[in-house]
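In structure tokens below, several structures.
In what follows, chain A forms one complex with chain B and a second complex with chain C.
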Partner chain A sequence: MTAAARTPYTDRNFKYLLIVPAVATILLVGLFPVIYSLILSFQNVDMMFEDTSFQGAKHYRALIGDARFWESLGHTLLFLVIALPAELILGLAMAYLFLDRMPGRQVFVALLVLPVTISPVVAGATWRLLFDNRFGPINQILGWFSDEPVTILWTIDPSFVYAAILMAEIWQWTPFMFLLLLAALSNVDRSQIEAAELDGAGFWRRFRLVILPAIWPVMAIAILIRALDLFRLFDVVWALTRGGPGTMTETFSIYAYVLGFQQFETSYTAAMSFVVILILVVTITIVLRRMEIER
Partner chain B sequence: MMRPDRGTGLALRYVAAVAVTLLFLFPVYWLFMISFKTPEEIFASPPVWWPKSLQLANYAVLFKDGDVVTIWNSVVIASVSTAAAMIIGTMCAYSIARFRTGGNFFTDWLLSNRMVPPIVIVFPVFLLYVKVGLVDSYLGLILLYTAFNLPYVVWMMRGYIQDIPLELEESALVDGCTRWQVFLRVVLPMARSGFFATAVFTFVFAWNEFIFALVLTRAEVTTFPVQVTHYFGGQSNFWAKIAAMSALGTIPIFIAVTLLQRYLVRGISLGAVKG
Partner chain C sequence: MGRLSIEGVHKHYGKVHALKGVDLDIAEGEFCVFVGPSGCGKSTLLRCIAGLEEIDEGRVRIDGEAVEGLRPRDRNVAMVFQNYALYPYLSVFENIAFGLRARKVPDAEVRARVGRAAAMLGLETFLDRKPRELSGGQRQRVAIGRAVVRDARLFLFDEPLSNLDAQLRDGMRAEIKRLHQEIGKTTVYVTHDQIEAMTLADRIVLLRDGRIEQQGAPLDLFERPETRFVAGFLGSPQMNFIPCRAEGGALRFSCGRSLPLSRPAPEGRDLLFGVRPEHFSRPGEGDPRPRLDVEIDLVQPTGARTYAQFRLGGVEATAELPAHAVERPGARIALAADMARAHLFDAATGRAIRD
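This part shows the complex of A and B:
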């Protein structure tokens, strides 16, 4: 029972007064712009003309034929499907490493979490320093294992740009997975694991039948948070390649930025934003149903 | 299953733990170290693995050229927006936690606002700000960061408030406190550690944010992450400035997070893990 139900309720408006400022702020800066851009997407506004006549689904139709848009979505998904499992598996392995007590464990964890807290742009800038073809340490270290000096142009060479961005991304966010999974694993009931062990269940069986169900609620949220972050990937790519070479690493966020703020295709960008929101809403609804996250 | 004896096992794990930690910290080390290097050391091939002396010339340049004002801009924008989001958000969280205001729908709607990609929000906001003259102003970014961080604050504070036993509030009501007094004098003091932790994380989000700042600042209120990207040039990059500015912007975050170790897991997992 809530306090409201049990105590005499004299100030009935109290609970609504409390939410008014929050709702007003979100409506003003969150919902209003979205509606505004929905309207724009049916008009014909760009840098030169402000033609606010109704254009129907013109921009939406153009979007379907826009290869660069679909490619940018493809790039975004590519980053997602590589980085997310990599972070998950590495994070899980690290969580296992630090699961049992060891002296100084707190210090290790405190140090390992630092990459997560860095601004993604700074993380990108840091990796640009590391990847520099002449003065960076990565080519230097690779050179130790090769007969001749390594001069890979990590942020320019098409064969290496994806590896470069993914490395920066995985470096920054694996500790996030690690931290959450470590907490989840620490809460697993040890006696259940031991019981399964006595029953002769091997490591994989124990993991699949005992540990995974126990850590799944946390793992599902960790995956969800990271998937949403990767879907909007911008900062690291911006700092490392700006979507280049050409449009090779352009995520949809970067394409939308280029369209809206460099080419000033206002209405077209608005339409694109909407298609992306639609894709996101549909995906999230389906995924949430399947993951059955408990609230 | 074969088990190595405890001593050997621990030693092996220790070696692995040290190796993993060094691997993850190396980029951070490299960034900070470059900020202390002389130009000769930065542009040496093979690279200099540790600088000869911890000279501060790279930082001095930032102060001399006035670039550190971007740090100040970040301080102002992140602090004010955090304060606003915490006040508004905690009120809202209390309403949801204790009165289930708006039911599940309202909570879902609040959270869903956080899932929208920032680029999608910032574009119409920019057009709007152009019309009302909020581009490149403190108020513009503060407003946006407040709104952007609200769902997080509400969600986290709802959890912390639900952890407080209800009896205290009830007895305060019986003693003749008004609802507002209960909220301000009973609930807030009880939730203060969670409040503080949430505030720091909110601050960090605003501090680190890039897309909004990139779009909505020009020259007057540039925040430090945007300033860092200004040092990348077509022909050459200002390595020393990139490193020093990044370090300046990162040190406060490192300190804050280290102090908040206890709340870290709960803070970054959106309350999924009550560490």
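This part shows the complex of A and C:
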């Protein structure tokens, strides 16, 4: 009050004026598309017709019976439950190995981090070359260990497509976990670990009671980021299999892309996206609460 | 139980030779303090005993058993760290119980032993709290509790009081000493603080540059230092070292003043006259002791005593005098030195000259 009295020309609402541009931009690019697609999902817009009349929950009802939609969600979850723990465990193990100072450590860390720096589409295309059934080095190397030439159709054969995609995905994103966990591990108080060692605790006990609680906040965030990334998994799958064979590896993102931008079922795709957003919001809220990131 | 013997221990960190052949025997129940300036190897030696560092050469035996090849947890020693190293996500109770749980002690016994340790350290009301809810002194008490609750063969303390403020430090120091008297476990205690070393130790091991400079009972080291380094390290304010030469039964300083020698000293060599500030005094009327006339250039009253600085033999020297003995700089006074308690060191080697 006294400050305002001493400087009578200062408009106390001036501060709000200053943030108006930022708020407006956020509303425009963030909130508007969400609301627009929410409205779309209750209309009947596709490539042929632009029927903007209110359709009620028509598309939402149709979604419930759309087997391909539920299957695509299933595929997405399958990628998630395999790739996430694999990346976490591999990343943690690598971080543990690189915790101690050793000659060439920085060079190795830099090399290990390279996959993250590559665009996922490029990585996918590269893996496609590696997996090529006739000229790819992977079949070539496998051939050295068997008597006859190996011609596995990595990106077509139903028994290998998941392995191929997961390999590329885990290769690319394990370094992300590795980097974050390396930083978290290097911050663990060494004397606590030493104290536990002197107290007679073996590796698992030290890890569970001393190291894990200390790195948990970082680890939880890393898991969350990767889980969200995996939930919208697109590039690697698209580059390797385009969701095939058939729709066998089709993730939710690929299904939404195909429907929305190849078949232009605009309203239906909007409804689908909203269901997924709802599922995500509920899941994340529950998970965040249970993770106890803040202590 | 708790005899420790160290033979010819060497330790390198890359190019740094941290321990250069340390030999030491610590008796059962002894309170042994490693003291020395930072980088002298005292913490390294302690960590080698604990097994947190591997030694490159030599032997470490506990109760006659060679332990160099054993993992820390198989050595059955307990350690208190400078930064407490409490497990932040466990309660005080679980912190103290950690070692017992790791060794699969039955729950009822865990409760009983943690209860006893907590009672001994006055921690009963804090058992449900997390370490971050405790003050520094309480945390260190928990760390000590974690050590005493186990039936370890040795207690190792790595500068346990350095993170506490001065007042708390005095209290905890007394408590550690009392605890040792009660439990009687062999204790190795590392500190850079000579007061802690003097007050706690049965034996002080003074390390310098990876070697033991001198060891013995605290007052032995204080009163009979073998080197200039030991003499300078123990005692506060530091002992004065004044360059001089012995000539014709007297010490001659470069400023021309001299003091008669009470015992023979080698002539024709550069010597250091070592005298503690408290061994200067103002001679009374008719005092037969030889006098030094000095001009005081700095006066530092500390309450009970006053430190007065003056120049002698080209260096600054300090005398510890009664509170009002000197009021302001510039005063010219006479001082007498207690020659019987003064020391002579060879200026080149730093070794004490004894008769």
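Things worth noting here:
As a convention for this text, the second predicted complex is superposed on the first by the 272 of 295 C-alpha atoms of A that agree within 3 Å, B and C clash if a C-alpha of one lies under 4 Å from a C-alpha of the other, contacts with A are read in each partner's own complex, and residues count from 1 in each chain.
Following the convention adopted for this analysis, a contact is a pair of C-beta atoms (placed from the backbone, for glycine too) under 8 Å apart; a residue touches a chain by one contact, two chains touch by 3 or more.
It should be emphasised that the depicted structure is a prediction, and the values quoted were computed from it without experimental measurement.
The superposition on chain A brings chain B alongside chain C with room for both.
Applying the stated contact rule after C-alpha superposition, one finds that A:E265 touches neither chain B nor chain C. Legend: residue contacts after superposition of the two complexes on their common chain; A:E250 is shown touching neither chain B nor chain C. Using the contact criterion defined above for the overlaid structures, shared-chain residue A:A196 touches chain C, although it does not reach chain B. By the touch criterion defined above, A:P213 reaches chain C but does not reach chain B. The larger set of touched chain A residues comes from B, when the choice is between chain B and chain C. In the superposed three-chain arrangement, the CA centre of chain A forms the vertex of an angle with the CA centres of chain B and chain C, and that angle is 80 degrees when rounded to a multiple of 10.
By the touch criterion defined above, A:R205 reaches chain C but does not reach chain B. Of the two partner chains, neither chain B nor chain C is touched by A:E87.
Superposition on the common chain A brings chain B within a closest Cα-Cα distance of 5 Å of chain C. Shared interface residues of chain A, touching chain B in one complex and chain C in the other, are 197, 202, 295.
Against chain B, in their complex, chain A makes its touches with residues 2-4, 6-7, 11, 14-16, 18-19, 21-23, 25-26, 28-30, 32-34, 36-37, 40, 94, 97-98, 100, 102, 106, 108, 110-123, 125-130, 134-137, 140, 171, 174-176, 179-180, 183-184, 187, 197, 202-203, 217-218, 221-222, 225, 228, 231-232, 234-235, 238-239, 253, 256-257, 260-261, 266, 269-270, 273, 276-277, 280, 284, 295. Residues 50-52, 71-73, 77-79, 81-83, 85-90, 98-99, 102-103, 146, 150 of chain C are the ones touching chain A in the complex.
Of all residues in chain B, those touching chain A in their complex are 1, 10, 13-14, 16-17, 20-21, 24-25, 27-28, 30-31, 34, 42-47, 49, 87-89, 91-92, 94-96, 98-102, 104, 106, 110, 113, 115-121, 123-128, 143-144, 146-148, 150-151, 154, 166, 169-170, 173-174, 178-180, 183, 204, 207-211, 214-215, 224-226, 228-229, 232, 237, 239, 242-243, 246, 249-250, 253-254, 257-258, 261, 264-265, 268-270, 272-273, 275.
Here chain A touches chain C in the complex through residues 189, 191-192, 194-202, 205, 209-210, 213-214, 295, going by the rule given at the top.
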